[in-house]
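Structure provided below as structure tokens; questions to follow.
Order of writing sets the labels: A, B, C and D. Residues in every chain begin at 1.
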Amino acid sequence: FQRGEKPNVALWVRKDNSIYMREIPYPTCAPDACVVHIKATGICGSEIHFWKTGRIGDCKVDHDLVLGHESAGIILEVGSNVTNFKAGDRVSVEPGVACFECKQCISGRYNLCPKVAFSGTPPTHGTMSRYVAHPARFLHKIPETMTYAEGALVEPLSVAAGAVARASPKLGQPVLVCGAGPIGLAAALCARAAGAHPVCITDLDEHRLAQAKSFGFEHTVKVDLKWTREEFGQVIRDKMGEGCHPEIAFECTGAQSSIAGSIYALIDGGTLLQVGCGKPEIELPIMAMSFREVSIVTSFRYKQTWPVVIRLLNDKVFGDATQLITHSFKLEESLEAFQTCVTASERSIKVQILDD
Amino acid sequence: FQRGEKPNVALWVRKDNSIYMREIPYPTCAPDACVVHIKATGICGSEIHFWKTGRIGDCKVDHDLVLGHESAGIILEVGSNVTNFKAGDRVSVEPGVACFECKQCISGRYNLCPKVAFSGTPPTHGTMSRYVAHPARFLHKIPETMTYAEGALVEPLSVAAGAVARASPKLGQPVLVCGAGPIGLAAALCARAAGAHPVCITDLDEHRLAQAKSFGFEHTVKVDLKWTREEFGQVIRDKMGEGCHPEIAFECTGAQSSIAGSIYALIDGGTLLQVGCGKPEIELPIMAMSFREVSIVTSFRYKQTWPVVIRLLNDKVFGDATQLITHSFKLEESLEAFQTCVTASERSIKVQILDD
Amino acid sequence: FQRGEKPNVALWVRKDNSIYMREIPYPTCAPDACVVHIKATGICGSEIHFWKTGRIGDCKVDHDLVLGHESAGIILEVGSNVTNFKAGDRVSVEPGVACFECKQCISGRYNLCPKVAFSGTPPTHGTMSRYVAHPARFLHKIPETMTYAEGALVEPLSVAAGAVARASPKLGQPVLVCGAGPIGLAAALCARAAGAHPVCITDLDEHRLAQAKSFGFEHTVKVDLKWTREEFGQVIRDKMGEGCHPEIAFECTGAQSSIAGSIYALIDGGTLLQVGCGKPEIELPIMAMSFREVSIVTSFRYKQTWPVVIRLLNDKVFGDATQLITHSFKLEESLEAFQTCVTASERSIKVQILDD
Amino acid sequence: FQRGEKPNVALWVRKDNSIYMREIPYPTCAPDACVVHIKATGICGSEIHFWKTGRIGDCKVDHDLVLGHESAGIILEVGSNVTNFKAGDRVSVEPGVACFECKQCISGRYNLCPKVAFSGTPPTHGTMSRYVAHPARFLHKIPETMTYAEGALVEPLSVAAGAVARASPKLGQPVLVCGAGPIGLAAALCARAAGAHPVCITDLDEHRLAQAKSFGFEHTVKVDLKWTREEFGQVIRDKMGEGCHPEIAFECTGAQSSIAGSIYALIDGGTLLQVGCGKPEIELPIMAMSFREVSIVTSFRYKQTWPVVIRLLNDKVFGDATQLITHSFKLEESLEAFQTCVTASERSIKVQILDD
């Protein structure tokens, strides 16, 4: 595990909506950090967003930035204060580095830390380079039986596990998942593992629903954008059946029609768990919600999920979650990897960048 | 307690936006019901709504209807199956008669019973008549020390207690209450009694805020409708102080600006508890909610609140809640009572109709 | 479906610790009830208890009593008020008939109804006869794809589902189940379906642990009664592994050593969910519990479980739960069935009585 | 605020069951710590325990130790990394210094941190000296309007607030508090502030019950140790009244009879919240608990309580909590202060040591 034996190439985004590769220095290792040779990194929709629109909400690409936050790798160096890792340890990277000083952190809700530094989100550089320094507290060992590709899947599964922690299905509760992208599929896997039954999944795209089917989800709905929300609600209820109207909807598209429709699909007293991001403002049928005691709970990133997701993934509790990975590229081919994500005909779900 | 010794006058609403008094027959007492001589009834905003607009949401005044659902009285007759009441018992009326057969009822969530018959809401006649038959299961004894006027206050306090049950403040959690009408004031009283501290109350109207002050709520905010929601949020946070940003907002106006502003006032991770009813559709800053993990929980009416609210009210846990009652009229003056509600210069909060 | 075409034979217990068969009259059908031809009934440890000891806790066999409470069958007659069933409907029987008038019932906690009439528990006759009348509210349709034997398994699975509802494992929480009898195995199936992982099961008996293994539970511990509770705790922790110390223990033996040992096995802050019944008084290490914030939550019977357990069972979410049934007898052979339960060499788990 | 202008006298305990005063060096200030001039310290029962028995549970006084953990004071020096404090700030000391690296800390449950260093508990020296260095993360500013004596009350109130957080009364839930010592009284104050009503308090000692009455608690019960637990249960239920059987019991004596009796006093489905410490092993009526679904939840110290308790105390939400303080001594009179605690005729509740 020699340090810097290969060039530390990195994938950058610029605010002019371009991405490019450029080498960066081998990182220095702070006392509480480790240097990790990143072996696998998934590309997330947010990366595409920073690339194509230069921002997510109020968070803008003002300066060139290394992207990436879904990573696993091997430790090359450990900082002087670090006792629980050694060079050679294989780890998954938790990208949100919280302060553990603020009220939110001290209450265990560190995903809301106002001082968080999140890899690949301005102004913090990300993990799409060969070598990265990262605080040891946010590195998590992965077992020998787990691949780096799986280690990099822990991040999207953590988004899903975080959502499930915010609105945990009770044993046998019917659940709707809107959107069969990586996050929606991960939410369905986590909800099912957490007791949801049956699970119904929607998408606009047949291929993604086929992927849902191959994970064993029988109830899929190809959404027609011409449906009213009442019609959407009725289709879902008919599909899931009497006695199985959804009690929780994990909304993983961010589309207004999907959000409003889900409110109508839910049983009275149900909960819409909003994961998807879309337009900053949407119209909501607030009175229909109030009269039926339907609530909207939001979920932002994750907290305390890595150790448990690593275990569940390694023990195949989700089934074979690696089916989420449809394409893999070498680090040097990162631009091609990004191009694949935005080429609809590629029908990618999760695209990963691997390095030996 | 002779039956029908006085005429059974009633207050009716017609779909042409008029209200009128008309006598109805003395009620027959079903085996599971009691006949109650109604001694006090509060007028609620929903009554004004049925009168002035002929509907609330999808619920329309198609046929002439006796209004009223905030009542207390004395039992005149008990049905043949009723064992826990006798003539002469003083009771508060719980107006929502649920089925206790359906899934929601059996789970304890009987406020969501699809078969509910709710007094004064089409097609169910209400309690604004002298004599009313009501199922015994939804009558609740009030102690000798409690007036009928207080017994009729149990209903709006139950709305508030129901909301507090849906988003219960933890000991010492800062809470915002939007709107200082009867429901907002009741919500503030219940939230404070449930551990909220400090409590900040908003309104457009100084007189209502003065009433809030007289209940001991020091933090009041007179809302300026020209504020942006960010400004609204900042005003509230400044008023409540560092370390006291609200964790729950009980929204009791239904106004879009108040809802959106509250989302900005809330601490990250906070909960907006929607009580107020307004426009069926509103624009919501869903992304601002998601990035800050702010949720919207709704609350519809109440369940299991009567016995506890009666105790708390009787034991003065809320202070002197009868201050909510600003005007009282005789049953025969019901039209005048309604007129008072819609006359702004009267500055009414809760108007009640009393009968000897 | 002719009524009473065969004699209504029944299995009785007498306070002198004997059981016997005796015919009873065909039941009359109250307005809210149905008459059910019982097709399958499981024998529960409590039946053995009433037989062998004449009591469970304060509940004594003062008068001869028909036993039985784990049953499914087909409806022969429906009472005059019953609208949601018809003759020919196949149903599983929920044996605890609650009042739905009391505070517990109205709050949804009807398992605690003080007026409950529980089949086969003094003074209420049970379901171990050919024909039984039972209130329609406590009958639940089973799908055509479900056997009566499965319909009768809904009861023990409901005990387990009820326990899981009281201490619901979060996704991926490590769970210990003590005792691999029908209830322990059902608890393990329910806990796993509800997200527990990994699940470790204990028993004194290798054959029961083998059964646990055949349900796919890899972590089994054959308990040595000579272990101290500290040793017991250590064995469990070693078996489950670092990072997997149990967060919840479903105690399904009632044995003092198992309860005390589980307290030591649990992670700090964990919960012992007591299902098993044993000695009325036990010694508990209350200080060890307090210093480690370990709690004991109890679970009594079930509420709201039938519809969901029927769905989960029918959809094979538990795997093949019929493996719990090791022996079946005809109704006329009921005495032999009981004898099998108490013959250790039979290695029975669940013994059922079937009727055509 | 000159450092060390007076001798740093300290109160020590020795394992031979003696206490003594001895000067210690002025503390050095680590980068993340502050040096505090301790102005007020309460004496807790645990200090008496270490003195009189040399141990609490497995935690023994092997080496001479400075006692004390209920303190407030003024900052003299701030460590080089500390940015949120300055000399002259008035603070309350949170004595349990957790690691914020372990699983419990990261989940917000830092009271269970296995690496915690707790002031005045072996092997960590306490706060009963004039000058103490303490990590800044565990110091909390108190407002100008709050005395140091009140600042030192934040610790016992935090024990109570922590217990209330573990079993939070719902609005209007009847609550029993066993024991009217400082912790029981604080629990009653916190439970009431959190919505409990009515609150009933027990003790063996009339004077302590009189103190409870002076805090406004009307329902007090002088326990007769000859009562059976069933009798105890009945006395409490009679005292609190029909419809007011306790839903939660905060057990603050640790006495077996009080624990067992509370189980009988509780309503079916209720929760015993164990705060008190007593014999390591006790006999519990586990079957009576199971059949009535009564649970035992434990509470260990506190987490996240300081800021909120400081606010509530300062805003007089508890009423005048300083009534808990019955005796005050100078730092130099610490031995006399301890003597007062163990002299029954002094009728002390909270004894404090003050320094100018």
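Assorted remarks:
Keep this in mind: a contact is a pair of C-beta atoms (placed from the backbone, for glycine too) under 8 Å apart; a residue touches a chain by one contact, two chains touch by 3 or more.
Being a predicted model, the structure only gives us computed values, none of them experimental.
When the contact pairs of B-C are matched by residue number across B-D, A-D or A-B, over half of them reappear in A-D.
On superposing C-alpha atoms, the copy subunit A sits rotated by 180° relative to subunit B, to the nearest 5. If you compare A-C with C-D, the chain pair joined by more contacting C-beta pairs is C-D. In whole angstrom, the spacing between the mean C-alpha positions of subunit C and subunit D is 43. Averaged C-alpha coordinates put the centre of subunit A at 40 Å from the centre of subunit C. Among the residues of subunit B, those touching two or more other chains are numbered 109, 307. A complete topology is adopted by the chain contact network, contact being made between every pair of chains. Against subunit D, the residues of subunit A that register as touching in their complex are 100-101, 103, 106-110, 137, 304, 307.
Note for the complex: subunit A touches subunit C at residues 161, 164-165, 168, 170-173, 190, 193-195, 197-198, 243-244, 307-309, 311-312, 315, 317. Considering their complex, residues 57, 104, 109, 111-112, 114, 166, 259, 268-269, 274-275, 277-300 of subunit A touch subunit B.
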